[in-house]
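Two complexes follow with subunit A in common, the first pairing it with subunit B and the second with subunit C.
This part shows the complex of A and B:
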């Protein structure tokens, strides 16, 4: 029951990454991704961009559940207005609604980051405040 | 029945007959069967077919050999051969300039060198694996595809008639030593091929005489083939190279080839087509008619021996169906196969049943199905107003840059199914994964290269460096090369850099090239986002380290 969450800029490069476990079902938030997935997670997310790009102008939805799957791992995506993507890779099933809520709140955080005059778009997000808030949201929803 | 031959859609052959001709040289039947006999000692007992019962309570000594079919059943046998082939290709790839300069010691000066050679070498691995898994020359009791139909005894017109006849009897004798499930003498046709030197007119007379004598003495048909040896000897003639069948992986590519003059090749080709269309197919059709009308009740299946004896009606029906199949009458072959299914099931003749089902599927795929092919459906949506057949057969073949998505989607699904089924070992699934990566790589490449509208002159005096760049909309969402990268990595992991370093090195080189196209680079250590794939805990990094350790 683990998540790999990443924010992909509109140049398709990652801005922020987080590996986190679930806090529900007596989890303590430590990720338990097996080594094979951990080694590949960035490639799996990267490859799901192919599918996201294919469908993103075909419908109006910004949240896509089951965008792609890889040996039991589902990929969820959220597309921002600036064509940045929030992508979650997880082995947890039937959890769509809370994932959607999580991503909507992440979007709020991301927009606030963009408003920061010291942040340039598509630069990695290194703010520790951002990280803490994302972890708090993960605790709440994931 | 007579229209059967016309159903072929292959390219036209030399004398206007509608079929393409593929000639393959295989070992003589006796040698093949003997080879199968020898191989059986390696122990594939559970699936082997014995010629006598060695386990019976009475305990009579099993002097008769056991027939294993290692080529069909023993996968480790195939794996070893494939392994050898891959190693051979690897060593060839290592020898190429390209590999030395670009992959092993990358320097800038060789960056644009041609990689066609290694690509062809690399592709040969998949082709070999595919042909090996689809086809086999093994003669087996449960199907008649590899069984001989016509025995051709070739002789020259100046040969003594007595010797020819002796040869024929010797041939018959050697056939009699074949295992009892092979009843070729009764069902195959014997044909004499008399080669006549067309430069000497008297030879033709001799040949005609011999033809007559053979008909009188043995009751066998003979065909005269005039060949001009003199003209063919000239040095400036175009040469034609014949290769031994590549189905046996143990032969090295390029080995065992024979060069003959083009003229002689053409003469033989025409002769061969004549034999096929004037003798073999009428013979098959006659036999089919005969079997169709009356099949006698022979012995039934013997589970101890593992095969039906030759007189059994099941065997004859099976042969009938196979011959329908060979004559491309897939509808009849399918219904005939279906007739047998119940019998084999109740007899628990599972080796027969599995082969039967395989051919039922093939018949369905090739033409017995009345259902519309799902692939054709999706293709017809693209070209409205034109008949489906034309679109699928002609238009799509002519426009390789615009392939229907359905083909890709379908092939991906099937490849994934095959890989997940774990039917094959690591090497094979590695090759399959590489192929899947290739399918993704070819996926619906954009047709238009420069369809973006020309850039307008900006009315700002200086450009804003923080402005976001535009996507190339003509290609947006069309390529699947990122999927291809993922599957190449998986293939590398399956192939293991310590076991197949050359293959892995080649793929890692391709992955890095593709990643560069997306703007990722291992040199940009100052940019966290651009070294994403090269991080130290990533598979790519691990592979590169392993490769360095091997080198």
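This part shows the complex of A and C:
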């Protein structure tokens, strides 16, 4: 199983992206998305934003599973209180609970990043510490 | 002696000082430093300098409040001073007690090791290659100490020598006594 994870700021600009494979079932963390998907992943994720914006004021849930799908690839989304979006594109078919946990912890990391005085809201997140911690979480949950 | 000091520090911290939310404090200090970096165009030497000056101005006033709250008398030697700075000074203003360590052989300089630094929570230095070498993020503390010492007739050199933000193992402030100033009549008063 492979995942493409991206954080999108509240002005719809991308802040962070990561392509990672599963560590469970003897996976070693390398993503196996086909080349066509790899090239399109940013477009797929961004096009799902429209749906997210439609539903975000209709219900109270911040985590949405099956937000959109693209030829069998599913999109999960998580909306932070500051209207930043965490989007995951995956070839996973079911079991969304660990994904939800993953996104909740990512939210915590994201808030810590926001508290850093040298980080400006909606700028790309370049901190290597953040990247390492996201990878650790991915290892744990995905 | 050292236990008494600790007790005194605890008491004062609990009963006499007004407290403020630590995140508010941390974030306020953070935005000051970030703004200074911007204003000085990321020239970190100048930022350090400015923080030190700000601290110095705080220090020369803060010592009065410190003495008023603690009612302490003169220290006998620098060892005393170090204990009081760590167990009472840092305790009542920041609620931390740095460890006094690394005494020089002649007992004229010592290190204060900050196991936690409330100024630097959440902080990651900008990764422009310069910040992690030059910027002393909490340099204001050095200024405060310098100002305080100067007002009690101790002319000291105070500076950071390592900081966990830069990837060092510990955060350490080095205090070096240069000389003891004499009590002098201010100029123009005979």
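We take it that the second predicted complex is superposed on the first by the 142 of 142 C-alpha atoms of A that agree within 3 Å, B and C clash if a C-alpha of one lies under 4 Å from a C-alpha of the other, contacts with A are read in each partner's own complex, and residues count from 1 in each chain.
Here is the rule we go by: a contact is a pair of C-beta atoms (placed from the backbone, for glycine too) under 8 Å apart; a residue touches a chain by one contact, two chains touch by 3 or more.
Fair warning: this is a prediction, and the values are worked out from it, not measured in the lab.
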item: Fit or clash - subunit C, subunit B, common subunit A; value: fit
item: Partner chain in contact with A:49 - subunit B first, subunit C second, else both or neither; value: first
item: Contacts of A:39 with subunit B and subunit C, given as first, second, both or neither; value: first
item: After the two structures are overlaid on chain A, angle v-u-w for subunit B, subunit A, subunit C in degrees (C-alpha centres, nearest 10); value: 150
item: Contacts of A:15 with subunit B and subunit C, given as first, second, both or neither; value: first
item: Which partner, subunit B or subunit C, touches more subunit A residues; value: B
item: Which superposed partner A:115 touches (first subunit B, second subunit C, both, neither); value: second
item: Touching partner for A:129 - first (subunit B), second (subunit C), both, neither; value: second
item: Nearest-approach distance, in Å, of subunit C Cα atoms to those of subunit B in the combined model; value: 13
item: Overlap of the subunit B and subunit C footprints on subunit A, listed as residue numbers; value: none
item: Interface residues, subunit B side, partner subunit A - complex; value: 466, 468-469, 476-483, 485-486, 489-490, 518-520, 528-530, 532-533, 535, 537-540, 542
item: Residue ranges of subunit A touching subunit B (in the complex, touch as defined); value: 9-15, 38-40, 42-44, 46-47, 49-50, 53-57, 82, 120-124
item: Touching residues (chain side subunit C, partner subunit A) in the complex; value: 23, 27, 30-31, 33-34, 37, 121-127
item: Interface residues, subunit A side, partner subunit C - complex; value: 112, 115-119, 126-129
